[in-house]
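There are structures below to look over.
Here come two complexes built around chain A, the first alongside chain B, the second alongside chain C.
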Partner chain A sequence: MSLPETMPYTGWRWDDLVFLALAGVMLGSALLVVLSRNIIRSGLFMVLSFLGLAGIYALAGSPIVAAAQVLVYIGAISVLILFAVMLTQSKAGPAALVFQRQAWIAAIASVVLLGLIGASILLTDFPAAEALPTVHETREVAFLIFDANVFAFEVVSLLLLAAVVGGIFIARRDESADEEGA
Partner chain B sequence: MSQSLDAYLLLAAGLFAIGTFGFLAKRNAIAMLMSIELMLNAVNLAIVAFALFTPSLGAQGSVIALFVMAVAAAEATVGLAIVIAIYRNRRTPLVDEYASMRE
Partner chain C sequence: MTSLSNPWNRLTLAGKVIVPLVIALIGVTIALAAVWLSGFGPWLIQWLLDTLGANIGIVRFLIATTVILLITVPIAFLNIFFEMKIIAFVNLRVGPNRTGPWGTLASVVHGLKVLAKEDFTPTGADVPVFTLAPAVIFLAAVMTLLVVPFAPGLFAFDMEIGLIYFFAVGGLSVIGLMMAGWASFNKYSLLGGLRAAAGMISYELPLILSVVGIVLLTGSLNLTTIVEDQSGSFLDWNIFRQPLGAMIFFIAATAEGSRTPFDLTEADSEIVAGFATEYSGMRFGFLFFAEYVNVFILSAMTTVLFLGGWNAPLDIDPLLNFFGIATPVTVVLDPGSLGFGLLGVIAIVPPVITLILAVAIRMLIPTWGFLRSLVVAFVLLNMLVVGLLLGWLAINLDWVLGLLWFLIKAIGLSAFFVLLRATLPRVRVDELMGFAWKWLTPAALINIFVTAAALIVVKSMEGGL
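Our next item is the complex of A and B:
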């Protein structure tokens, strides 16, 4: 590539800059997911957060995971969640009180959790932490999924089928209750 | 910075903590499911980061991450179906009003 590795004047590496920007987008929109008062807005910020994470996967040399992140999370799970939001929105529901009464304790607990995990990350000397990251070829991933791990792949597909059938069965409208209502 | 394992893991830890807070603090069951999705994403990021810095693992990390995504999709399906089924009966998505077991 003919582009310079570092940013002019400041000496920042472009990789780092992109990483910081994506991390900021991801963490900021994740915070807005949990702090937003409107649940539709939460869902849309969740899409933004997933998009930032997909960018980080692409930057981390796993393009196939980035593509799957966009397809599965943004394309399927977010849409599913937004549909469920629309199905369960009641006008009578109190929109003002979005947090439990113990939200303060939850905030303290999650900050403590972050501190614990962060401290254990920073204090642990990972043996491979200095190795240069490598880009994983999609061909290699495909070989691993459909040849080396084909049994696990089949089990996962069976699990997905069972989950979808079970989901339809659970969420199905009850015929007798429907007749009473109508 | 994008070359250090610690940066990726700290990012994953931050996302996981945000998801934990959302799960514990939100009243809406669907918002709690969103928080669970955030936590699953954080774990996936940690898996990909570890695989990235372990050259002997090759592309296995990507495979594990893809499997985690498939299981997360199954979890979201069943979780949302349960929320919708409860909503049919109770007419509210707020979890602190599901108190019939307590009475």
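Our next item is the complex of A and C:
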């Protein structure tokens, strides 16, 4: 006796159930990022939200994008944000007031954004996926990045390099000021 | 209710565990007997097997994850034992020698001790984050074990992107470290957590870059393919094709596991025990559990990537052929052919062999009493049987020998990590970051460049250019 192909009574595929669970985790934790009064918890909920998105990528048959999502968005970006918050925040300071200053502007911006995203979703005609990718998806992604679109890839990497150099220049200790201080 | 709750309250803690277990056992026995007597037995077993067979994917997933979760316990115990015994050996001490033979059970006792200690949450701590942090750290370590290929055909998941998965999930432990450091509400914990996170982020870069050379050579991110690519003699192992990469990977792995000389997350004079300062009881135990599992995982990864994984260092088949033994060796045993005689063999042979061994020992060492020689003979018999069983398994199942080689290499490397800890002094904290960014990362980049250039040269020469 095997599990039925679709869920009883509703007729959904089992993948749909997993998708709903992951989407629920993602959206719920994304909401908590905004609503949470504690900035570190906001950051941790953001990690959870990214994990949900990675799960959706894996469910959609693209494990390499899911792994890149975990590696870059959680392993690097979220950690960096948490790191910066922990270095600058102190528990003695007002942890909750920080969020409320630009409520009106934020409300307008989010309504506009909602309208834009909603319109683009409604106007786009989503074609059904033909088939799940084969196991050699990694190889195809590599060819797409390093062969077909290598020029765009190089331009992006140059931009990132410029950003890194600029970041180091800003972060560099001003040596002349140090000497004056000493 | 009172008639039931009074005897229940009088039970000791152990009794509260054992009495429900006994009741459950009796219930299960009665249910099984009822099923058997009613004649539904064969039908039930058939139905169970059919159901499991039809959902083989789910069953395999559950078994694989459970086994991976469970094998971390012996791994951690072995590493704790190494930690105590090898460092004692280096220090010219005896080390643990009271619990179990050669003190082997000392780590089990440590585990029980940690379980029995008070689990304390400091005032002002962020309770959910504080509670979850050890679990995040431990899970990040265990989940990386899912893709490690232990032997041919013996793995939890054979992912096409196994290598990226390993780095992605392994990097999640940084989140756990920062959670532990921040939620403890203690400046030493916070500093320790930040220091650990900074160290891990810095050393993740050379760790990932150092294996790009292997990916270039193998042309795959699949760990099984990487191991199969190193088959042959030990000269085919990646450590000889990528010596610089192996060195960088090993150093960065030492730092990733927060092992000496890079274990700056714990510094008694500066930040006490780092992010673990406020932890006690089993949560503290979990932090260290994760560390010891991590040591094994990094050893296993080094083995898979650079030391040929499950491949034997030398192929002994030609040597066996030279002596006239046909390979692969097969031993045909069919115990079922004995029928009911098999039961007799199982019942009679072990006592007879034990008695013969006991008599032999008595004759060889006349000073021993008969009981003593009997006990020794029984232990000898068990060792003999286990040895024969292992030999038979190694000949008949190809993954047993592979697993043996893999474990020898990985556990040897774990012991080497402990030996490093006993030998080397700590790095200074300001030198820690500089070493990663100024030396290891450029060296890893040079390694990638040289490997890619060599590949192009070799390919163009083969192509006849």
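Keep this in mind: the second predicted complex is superposed on the first by the 121 of 182 C-alpha atoms of A that agree within 3 Å, B and C clash if a C-alpha of one lies under 4 Å from a C-alpha of the other, contacts with A are read in each partner's own complex, and residues count from 1 in each chain.
FYI, a residue touches a chain if its C-beta (ideal position, glycine included) is under 8 Å from a C-beta of that chain, and two chains touch if they have at least 3 such contacts.
Everything numeric in this text was worked out from a predicted model, so none of it was measured.
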{"item": "Residue contacts with chain A in the superposition, chain B compared against chain C", "value": "B"}
{"item": "Contacts of A:L20 with chain B and chain C, given as first, second, both or neither", "value": "first"}
{"item": "Contacts of A:I64 with chain B and chain C, given as first, second, both or neither", "value": "both"}
{"item": "Partner chain(s) touched by A:L122 [first = chain B, second = chain C, both, neither]", "value": "first"}
{"item": "Which of chain B and chain C A:L159 touches, first, second, both or neither", "value": "first"}
{"item": "Partner chain in contact with A:L87 - chain B first, chain C second, else both or neither", "value": "both"}
{"item": "Chain B versus chain C as contact partner of A:E137, first or second or both or neither", "value": "both"}
{"item": "Set intersection of chain A contacts, chain C complex versus chain B complex", "value": "64, 68, 76, 87, 136-137"}
{"item": "Partner chain A, residues of chain C touching it in the complex", "value": "47, 50-51, 54-55, 58, 126, 129, 159-161, 164-165, 167-169, 171-172, 174-175, 178-179, 181-182, 185, 190, 193-194, 197-198, 201, 204, 221"}
{"item": "Contact footprint of chain B on chain A as seen in their complex", "value": "13, 15-16, 18-20, 23, 26-27, 30-31, 33-34, 39, 42-43, 46, 49-50, 53, 56-57, 59-62, 64-65, 68-69, 72-73, 76-77, 80-81, 84-85, 87-90, 93-94, 97-100, 102-103, 105-107, 109-111, 113-114, 117-118, 121-122, 126, 128-129, 131-134, 136-137, 140-141, 144-145, 149, 152, 156-157, 159-160, 162-164, 166-168, 170-171, 173-174, 177"}
{"item": "Touching residues (chain side chain B, partner chain A) in the complex", "value": "1-11, 13-22, 24-31, 33-35, 37-38, 41, 44-45, 48-49, 51-55, 58-63, 65-67, 69-78, 80-85, 87-88, 91-94, 96"}
{"item": "Parts of chain A lying in touch with chain C, wherever the complex brings them together", "value": "1-3, 38, 40-41, 44, 47, 63-64, 67-68, 70-71, 74-76, 78-79, 82-83, 86-87, 91, 135-138"}
